[in-house]
Structure formats: structure tokens, C-alpha cells
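Let me begin by handing over the structure; questions about it come next.
Order as written gives the chain letters A, B, C, D and E; numbering starts at 1 within each chain.
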Amino acid sequence: SYAAIAPHLYKVGVLTVATDSPAYEPWFDNNTPSNGKGYESAVAYAVGKQLGFSKSQVKWTVEPFDASFAPGPKKFDFDVNEISYTPERATVVSFSVSYYDVQQALIALKNSRIVKHHTPADLRTYVYGDQIGSTSLAFINTELRPTHQPSVFNTLNDAKSALQDGRIQALVADTPTAQYISSSEIPKSVLVGQFPSTGEHYGLLFAKNDPLVACVNKAIAALKVNGSLAKFQKEYLGIYTSVPTIKP
Amino acid sequence: MSEPDVTPDLGGAQLGDTAQLVDAAKLDDGAQNGDPAFASQEAVRLEDVHKSFGDLEVLRGIDLSVAPHQVICLIGASGSGKSTLLRCVNLLESVNRGRILLWGQDVTAPGVDENAVRRHIGIVFQSFNLFPHMTVLRNITLGPTRVLGVPRDEAEEAGRALLVRFGLSEKQDDYPDRLSGGQQQRVAIVRALAMQPGIMLLDEVTSALDPELVSEVLGVIRELAAAGMTMLIATHEMGFARDIADRVCFLDEGVILEQGPPGQVFTAPGNSRTQQFLRRIVDAGRL
Amino acid sequence: MSEPDVTPDLGGAQLGDTAQLVDAAKLDDGAQNGDPAFASQEAVRLEDVHKSFGDLEVLRGIDLSVAPHQVICLIGASGSGKSTLLRCVNLLESVNRGRILLWGQDVTAPGVDENAVRRHIGIVFQSFNLFPHMTVLRNITLGPTRVLGVPRDEAEEAGRALLVRFGLSEKQDDYPDRLSGGQQQRVAIVRALAMQPGIMLLDEVTSALDPELVSEVLGVIRELAAAGMTMLIATHEMGFARDIADRVCFLDEGVILEQGPPGQVFTAPGNSRTQQFLRRIVDAGRL
Amino acid sequence: MPVRGSREGAYLDEQTLLAAGAPPPGSFEGNGRGSHLLGGQRAAAVSTVSTVVFIGAVIALFVFAPGAAAVRHTFFNPQQMKQAFLGDPSKGLYSVGKGLILNIEMFLIAEVLILFCALVIAVLRQLRNPVLFPFRMLAVVYTDVFRGVPLIIVIYGIGFGAPALYIRGISTQSDFVYGIAALVLSYSAYVAEVYRAGINSVHQSQVAAARSLGLSQWKSLRFVVLPQAVRTVIPPLLNDFISLQKDTALVSTLGAVIEANRAAQIDSSTLFVYSSYTVAALLFLCLTIPLARFTDRLIARDVSRRLAGGRAVR
Amino acid sequence: MPVRGSREGAYLDEQTLLAAGAPPPGSFEGNGRGSHLLGGQRAAAVSTVSTVVFIGAVIALFVFAPGAAAVRHTFFNPQQMKQAFLGDPSKGLYSVGKGLILNIEMFLIAEVLILFCALVIAVLRQLRNPVLFPFRMLAVVYTDVFRGVPLIIVIYGIGFGAPALYIRGISTQSDFVYGIAALVLSYSAYVAEVYRAGINSVHQSQVAAARSLGLSQWKSLRFVVLPQAVRTVIPPLLNDFISLQKDTALVSTLGAVIEANRAAQIDSSTLFVYSSYTVAALLFLCLTIPLARFTDRLIARDVSRRLAGGRAVR
């Protein structure tokens, strides 16, 4: 199948994969996408392998999130950066099929009121914060509908630091990220629970109508069938069966 | 200070002559404009020059004819329009009506190269207007080097000679803000002279000078006139005007009320306003 | 223009008198400083005033004593230090050595309130220095309203009266850049007068004025002197100095070479440099 | 002595004042290029045509270039521009228009404080009294530091630093307050330098004249120097006004202040188009352009009042 | 006529020139507050003490506040500052120091172009010749638009827009080039206004004097107006230099240019501390402060050459 996609590659002979910097855990490891560790890194290499690229033929490039959907030629073959599929976005760029089905989760400091009180009515009363451009923020606004306008930060790190300093009461992120934050990054914090799925999923981002999409979709389907995706999820993301579900 | 007194070339008949010229010009413009022979008879000629600032009409129909070599003194009350007249001749103000001709060429016509005109006219401003960011020497060599294309060292040498002549040799590397009023005025004179203009417009050029220097300037002006320069001098110093002028023009509210040789204007003025102006001066013993 | 000629109060004996005062002051400073009676005998007094700009020593030991009502004219070549002297008296330049006393009070001493001093001294600058962002009327009412605390309308009324007197009533709402040289100079005079100073320092105050206006200014100065004002006038117009001065001081390279009543200085100068300066003026028929 | 008609001879014979005579006939005529920089009728045509061509080319670029449609879709999608302007909570879209009001509020409050603080700093820097040396030094250090440090770092430093200090009164302010504090700290340094330029442009003799009337140092600054200084520096002052207006956007990094640009950013990252940025930019232009035109008019009026006529030369 | 010793009477009797006489003895003595703004020895002490106290208080804030240790750890961790400066590829850390070289490169190239373009624009705006009206309008529109539009949008517009157009030569440049183009477009508008202020500050009579020598419009601008104009506006020009230096950071939004601030941002989000920002800020200060001191020295030298002495008053 390599011959079929060769003419459509950004650079001849290599698969150019983009992500933002910093690349967050647990999706990547140590801000180093090229080490093959972390869920998205592993997926990228696995997809590459399906398409016939050796590990050394996969090249990483930095693409800020804001720049990933700019019109014009892309400087990558695909972008893997926890980007959620939405129909609006799909009018500008093309997405692969889901390589991860997302559920949003709620993080707060351990001593926060929210840990105990999170009925839908209670949930409207807190001060939330989130990273700009995340679907988590849209989730807060469309599903939780808080009375106090949520804070919006440039990076997830700014949001985490705001949570630590008590400038926001809760943070919403996809479950793996939330798990990682509460377990490894902010010791005082706790994952309060995850919300029911809204059918959201992450997809690899391509230039609009990129012929590569079909091939990559096949590769992802193969990875699903052969259990690779489940294996990566287990290895890098854990399985969160223990996470309580809260109804928004 | 070679010649004690320069008698005007055109002598007593001059006033009548220029009157004739003005009329002739009005009758037949084109023919005379192109005629160098005719042109050479008049260095400066103003025809019905009007100038307004907003609502204020400052010059209200000036007719003036100046032959080459002549020294004309403009006298008149403060605010009568002397400075404005000089600025108009140098094209620093645009006239609202009338024409200005230099050596027979209409310089108020469209398409005239203002820079070429100004290259041949020097002006010393009443407020000096030295360039504060340049030394005295740079002030006076700027024109020669940048306009006439004289090499820098040649211009500096000539400039230094002029500065010596005006007692300013020690100040050549000073900046204008550090000079006394009289020193600034002399630099302004030198700056204009360094351009070797054919016509000089001097605006109150002795106002900040001590009497010794006034005599010196008087000598220089005579020398220049002898060498062919034409000069228009606005002045309040009647003694100076009497000494230097071939012709004195009395300006009042934007019109020339009276003109003639100084002897005539100062001793037997025809116009009653002139008489009044001079009477008070004479009364005060200031002539 | 009430009095034709103001004879100085101290008459002919004056020069000797002030010389005495200077000596007395040198002998006993403290006692006289606080003594109002003593103070009233001298309006201005300079003791051994030195002033340098960098390496250039401009004033080289000036001693001068001026009684109230007196009009002193400073004459001398361009660059001799007249303007600098006036600026020192107004504390616009700090002196390098010596003292300046006004009405017996040392104003060069540390801790003197410069603003209080300047409130009592008016100065008309050689270059006018009008405020270009204010109308003529605002220029002359700024001091009275902001320093003396005169109500605005009162100050404007008084200002207008002064403008009328100097023939400037039509220009009261104009900005300085739109005025002719002589008009600017008159505004500068009015600006200083409007502060009702006890001492006036006039620097070439007639340089841009026509002879009619010079006579007018002469009249004003006489009136002011009669009303008790003390004046120091730097001038190049010898005729003006002769007419107005109680005493003429001849400055040369930063020292006063000769002083005395105009009659004496102009007709029988003692110093050879003064003789030379005056001879050339007289030769040129300019006195 | 010969009358020199042209400039070919030696320049100024030594020690002699040689007057030049009449120039040859025709020497004043324009040289084809006209007397002004690019003057003349032909030049008029050239300048008009070239301007039209230039503008036309820019427009054509956006209409006919191969990728133009995509660019238009991303940057100038009218449907999405309207959505961005009004916002749509049901889709998680913020209102850029509402955000702008926040910008204006921050701008106005900050500007007043800046104009005042900057003046104080500029005046402190001008003082030559040795007694006040420490204040002067402080002013110099202040401008150096706050001009040198990027605004975003000042915002981070105050907005994230102050709450982290846990000091009562300081650590509990809103992001709005922190943001304004950071803007004032940073911009005062810039505006102080602009004032300083203005003050330096006023000639020494003006101060002498003011002081000679007995005006105190402060009053002569107030009535004589500053009015002239400010007139001179209006254009760069306006520069800083406009920058400030735009930099109010940076306050959004603190999280809680969703001003116009942040709203646009959220919308754009939600919908993957930049039209919302275009809306924000257009709104900002609607504020700054009238301001620019207004100050231009002010300057022109001031100049014409002071100089009416007498401006044949420039 | 009475000699008035004080100012209590009516001000200036109508139509009469009333000279005031000698003021009462002692009226010239300082009033305790000293003759200068805050003059006197006591004031010296006050100013020194207050400065020391102020600086001390600021330092104390960072040492003794409850959260100070945490703040110090976040902003001033020496270990991490060193790491940020040098970078460490094995940990995914970029070198802020290396990034700075990119900033300097972009700054230098952009600055030269800006100084030139801005001058052209400023001069076009000054032209009063009706013939050149279109050019003047173009210059006005240009400044309005590019001052009004945030730099980041210009960068996006060019960096993302130009490649999207698929025009040969335009669409295939590097981000570095697009970034510089955007900086030049935006800053030329600002700097042009600064130039304009300088040009306006030169008195009309200077132009008259220059033109009267026969200097052309351009030459009188070049030799007489601009040298004076630039001297006046050096402080705001430097403002814009410094802003530009900082704004080179924005070019990193295009992705490919990892300059100092971008490097710091990456490091800080990797390590979860802001020390790398501090490094970037300090490095920028090391560039801007010497520049500021240098221009101050320039201005001072120029003033003293032109005015030596004669400055008792200010």
C-alpha cells in the first residue's frame, strides 16, 4: 500500500507526523514524541507500520494547535494532538476514524466542596477553567452550563496552576489526562468522576480531502481488529473502570 | 570697504525709467520675457503683488523694479509687510495675485524650478533661522556643498575666510544656540553670502549688531553692490538706509507709498503718511 | 510720555555715591543686608560677578550698582556679555563667582527662593521667547494669573490695555508665529510689563521696532522710571542709549571698561577701547 | 569685476566677496520632472494610476489566487463572522462583541492611570537636582526593566505570582485587576519615554521665559513645556494607546477575562476557521481608526491656528 | 506715584504703567520647602530613604511572603534556569539561549527594513502636493490598518494566508521570512508615526531656511529636518525597537521558528515551572538595557554639545 500513498506524502519516503509542543502525558512521554512511548506516539508509529514505514521513517514536527487547521498546504501528513472530531471542524479539515473514544472527567482539589456535591444543580455553581481550544471547554459550556463564566487558559499547565492556587475550583479534561493530572501532577487533587460519553472521539487530522485518509482509516481499523489499540490503552492510559460516572 | 559711495548706475532718471518699463511690460509681455537684453536691465520686478494670510491682506498691490547692482531699502512701520515682501521674492510665500520676475523671468509662473530660483537668491531672515544641529561652519557650507556641489574642503576654506571677515573665526565649531544674538545674525549673513547669490534679501540685518559691526556690514554691502549684486534690504535703521540705499521704498499697510533716492524721501517726502513717519523720527533726533 | 526727560535722582554725584556704597558693602556685609533703609538705596548690585560657559569666561568680574528709578544702558560689542549679564541678574544663569544683590538682598545665596526673586524682575529676551502655543493675550496674562494670582478677567483687561498702548490690539487672539518681528518684540515687552516688576531687564528691546515705535517705547520707559522702576537695558542703538540712560556702561570682553552719564561717555570717553568704539560710530555719523 | 553668470569658475575667490550676476535665461524652468518631488500633471496621473493598480492587485490577490476561495472561507466567512460577533452558548461559542466591551473597560481604566504614572516618571527623569538622584535612578531603572520585560511575563508574574504569594489584599484580587496592574506597569515605562521625548523637544529658551515670569519649576512644566511637548508627541502617544488597546487582549491569559480576542480564539478553535479573528480585528479597527482621524484633525487644527498661511514651503 | 512694595493693591491701574518698587526685606528667602521641587538637604534624605525603603519592600515581598518560597521555586529556580538556558534534548527541553539568536537575527533584519519603510511612509504623509494625494491616502490607510490590526493577526494572515494562496514565490517562503514580513508591515506603521511626530516638531522656519538655500524638498528633509526630527524622537523610537525585539517572539506561532520565548514556553510546560520564562526575560533585558543606556548617552552628549552651560533653568 506504500506505493499507493507515496505520491501524497508531504516528504518523500517519510511519514511526517505533527503534534503540538509541549506534548502532554499520558498521550506522549516526556515531551518527546519520537520515543514511541505514550498513547498517541504509539498509535502514530503503529499506523506508520501498517502503511509500511519503519520506525526511522516516521518524522515528527511541531505544529501549534491553532496552526493545524490553517488553510493552505499542511506541513505534515497527519496531526495527532488529542483533537476531537466535530462536524464543523470537518468542513475545514479531514479526520480519520476514531483512534480513541473520549469521555470527559472532572478534577478538583481534595478538600473542595465539589468532591461531595456534584448533582447537576450543584455543578452549575462552580468556577471552572480549561485550556483554550479543548472540547472540554465546549463541554463545560454546553453540558454543565455554569452560572460563573469559566476561565480559559492558553495551556493546560496554566489551568493546572490556577487549580492549584485556587483560582478555579474544577478542571475538565479527557479521562486519561484527568487521571494523569490527579495521580502524578497535582498531589492535592482528585479525579471526581467521569461524565457519560457524548460520542466524542479523537481523530487524526489531515488536510481537507487528503487521499491519505482512506489508507489511514484502514490502518486504524486493522489496529482495532488486531487489538493493538486496546493494548496501547492498557499500557499507557490504564482502564478506568473504577472511575465513578456523574450525570451532568 | 573699497568705495565710499556707490552711485546707482541709472542715476536720477532711474525712477522714471522703471516706471516706463513697468508700463511697457504691461503692454507687451511675451516679447520682452524672452529677450535677454531686456532681462538684463532689471534684476527684480514685482507687478501688482498681493499676499493674504487668511483674511488679512498683507501686501496689497506692490509694484517694484530693481536694476542690477542696485541697493533698495524697504522702510515702514512694524507689520507693514516688509518681511512678507522679501519672503515672496524668494518664493517662500506664494503670492495671491501678481507676478514676480527675476532677470526678466517670471518665477511665479507654474513649472518654475523653485530650487533653481532660490539658488540665485540669498535671504537673511529676521529671526536668523540657523540650523541648531550643525556647527557654524556646517551651517555656512551646507548650501555650497549640497546645492552648488562645491567640494567640502573648498567650501570650508571659503567659509572660514568669510567668518574671519565677520569676526567669527573663533566660533566656527560652536553650535548656534551657544552664540550671542549678534553672532547668530552674522552667521546668517555669512550663510547667505556663501551661496554667492545674484540677489540678496536682507531682513533687519543689523538689528543685533553693534555700531562697529554695522559699519562693517555697510562696507560689505557696498562691495557686493559694486561686484554686481542686487540687494533688497528691510530695515528700521534710517541712518543705515540713508547711507546704503540707492533707493528707499516706504511701505505702509502693504503698499509702497513713496520711493526715491534717500535724499529725496528723507528730506522732502511727498506723501503725508511718509511725512508723519519721518517727522517723528527727525523730532526724536534719530535720523 | 508725560515727562520729557527724567533727571536721575542722584544727579551728577551719583557715580561717586554708588562707588562709595560698593566699598561700604564690602566692609560690612551683614549689617547692611538686613537694613531696609540701606536696601532702598540700591535696587541692583553686582559684586565681582564671573560667569563661564565651559572654558569661555564671558563675564570677568562685573561690579555694578544701580539705584532705584535709574535707567542703565549696557553698550558694547556683540558677544561682549550684555545678554549674559542680564540673564545672570534674573538668575537664569548661575554665576561662577561673586554676588548679586537686589534691594540689598543677596539672591545668589543658597536657599533663596528663585521664583520670588523673578517675580520682581521682568526680562525681555533678545530672541523674545514667546510661548508659541498661546495666543498673544494668554502669553501676557500667564504670569499675572498663575504667579500673582490675579483673576483672569482682571488680568485680561489690564493686558488688553497694554496691548492697545503698543498698537497690538488687533493681534490679541493671534499666535506668536503669525506676528511680524516687531509685533513679537512688543508682545515680549508687554509680557514682562504685565508682571509689574520692580526691575526690568531689557535686551535689545528696540531691535525689531520701527522708529515710531522706538519713540513710543522710549516714552514708556521714561514713565516707568518715573514710577519707580529700575531698568537695565542692553542696546546697540547709541541714540536710544543717549536719550534714555541715566548712566551708560561700556562692556568689553566681560568687564565694564567705562561708565558714566551718557553725555560724559559719549563725548569724553576715558578708556582708549571706548574711544575707539565710539570714534567709528561718530565717523559713520551714527550717534 | 566680472559678473559671473554661471557657476563654472572657482568658488568664492579668496578673501573676496564675489557676487554672482544674472543666471542665463531659461535657467529657472522646470526640468521636466517638475519643481516638486514628483510634481506636475503627468506625475498626478502616475500616482493615481499606480495607487489604483496597487489596491487592485491586492484585491485581485484575494479573489483570483488559486487558494483564494479557501482563504476567504477561513478568514471572511460572513455566516461565521456573524456567529462570532454574537456568540452562541449552545455551541460553546463566545461573543466577540461582548468581549470587546471588556477590552474597552480595561483600556480606559489603564490609560488614565498610565498617562498619570508615565508623567510622574518622565518628570522624575528630567530632574537634575542632585538631591533627587535616587528618585531619578529609580525612574531610569523602572523604565529599563518594564520596557525590557515582555508584557506577557509581567501579566504572568502578577496574575500567577500575586495569588501564589498568599498575601491578604494582594493575593485575592480578580484577574481583571491584575491585568490592569500589569498593563499600567508595563505601559507607563513606554509612555514615560514618549513624554520625555516631547519635553526634550521644547527649546530651553521656553523654560527660561517661563521661569523668568516667576513660574515655579512645576508650573512652567505644566503651562509651558507640557502643552508643547504633548502636541509634538501625539502620534507616538496614539501609537501606545492603540498598542495598549490591543494588548488588553493579553490579560486573557490569566483565564478569567474573556475579552474579544480570547472569545475569537475560542470560537476559531471550536470551528476551525479564523473568521472570528477577523471580526475582532475589524472591531478593533473601528475603535482605532476614528481615534487616529480625530487626533490628526486635532494636530492639523492646532497647526493651522498657529500658522495660518505662510506655509508655501515644506 | 506710590511705589508699591507688595501685591495687595489693585492689579495694574487702568491705562497706567505702574512699576512695583522694592519687595519687603526677606521676601526672597526660601520657604522651607526649598526653591526647587523638593529641594534642600532634608529632601535629599527623604528621597534616599524612601527609595531604599521601596526597593527593600519589593524584595521583602519575594522573601517573606507566605507563598514566597513557592514563587521563588516557580520563577527563580537556578537549576532549572540553567537547564532552560542551555536546553536538554534528552528531556525535550529547548535552549532559550539558542532561541535568542533567532530573535536577534529577525530583529536586525526587520529593524533595518522598518526604519526605511517607515521613513518612506512618513514622508509620503507629509507631502502636501495635491498631485500626490493618492499616495498620501495610501500612507494614511496603511498606518491606520496596520497599527489597528494586532500583530499576531498580521502574522497569521501572512504566515497562513500566503502559503494558502498557492502563488509561486510568495507561497513557498519559510516561516522566518513570513514572520519578518509581518513584523515589517506592522511596525512600519508605528515607526512612521514616530517619524512624523519628529518631523512636525521641527519648526517651519527651519524648512524655510533650508529651502531658501536652494536645497530641494528631499535634501532639506535629509539634511535639516530629519536630523533634528530623529534626535527628538529617539526615546519613542527606542520604545519601538524594544517592542519589536520582544514581538519577534510572536513569529513562533507559525510553528517552525522556535525562538527564545517559544523555547521557554515549551520548557516551562514540560517542567511545570516558569523559570525558563525568567531566563528569556533576563536575556531580553541584557539586550535592551545597554541599548537604552547607549541612546541616553547619545542624547546627553548631543544636548551638551549644543548647549554647554546656560542651563541653570529647567
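Following the convention adopted for this analysis, contacts are C-beta pairs under 8 Å (C-beta built on N, C-alpha and C of every residue); 3 or more make two chains touch, one makes a residue touch a chain.
Predicted model, so just to flag it, every value in this text is computed and none were measured.
Distance between Cα centroids is largest for the pairing of subunit C with A.
Interface subunit B/subunit C: over half of the residue numbers present appear on both copies, so the contact uses mostly the same residues. Spacing of subunit B relative to subunit C, judged by their CA centroids, is 32 angstrom. Remark: subunit B and subunit E have CA centroids separated by 46 Å (rounded to whole angstrom). The geometric centre of subunit A is 85 Å away from that of subunit B, both derived from CA atoms. Across the assembly, subunit B contributes 53, 92, 114-116, 127, 177-178 as residues in contact with two or more other chains.
Annotation for subunit D: residues 40, 67, 70-71, 74, 160, 164, 204, 208, 211, 216, 274, 307-308, 310, 313 touch two or more other chains.
Shared interface positions of subunit A, i.e. residues touching 2 or more other chains, are given as 66, 70-72, 161. If you check each pair of chains against the touch rule, the ones that pass are A-D, A-E, B-C, B-D, B-E, C-D, C-E, D-E.
Interface residues of subunit D facing subunit A in the complex, by the touch rule stated above, are 67, 70-71, 73-74, 89-92, 160, 163-164, 175, 252-256, 258, 262, 265-266, 268-274. Listed in rising order, the residues of subunit C touching subunit E in the complex are 34, 36, 39-40, 43, 52-54, 68, 91-94, 102-105, 107, 111-117, 120, 144, 148, 150, 154-155, 157-158, 161-162, 165, 177, 193-194, 196-198, 220, 223-229.
Chain contact summary for the complex, subunit D toward subunit B: residues 1, 3-4, 7, 11-12, 14-15, 17-31, 34-35, 40, 204, 308-310, 312-313. For subunit C in complex with subunit D, the residues that touch the partner chain are 87, 90, 92, 114-116, 118-119, 121-123, 125, 127, 129-133, 142-143, 146-147, 175, 177-178, 191, 195. Residue ranges on subunit D touching subunit C, taken from their complex, read 205-206, 208-216, 219, 223-224, 227-228, 231, 305-308, 310.
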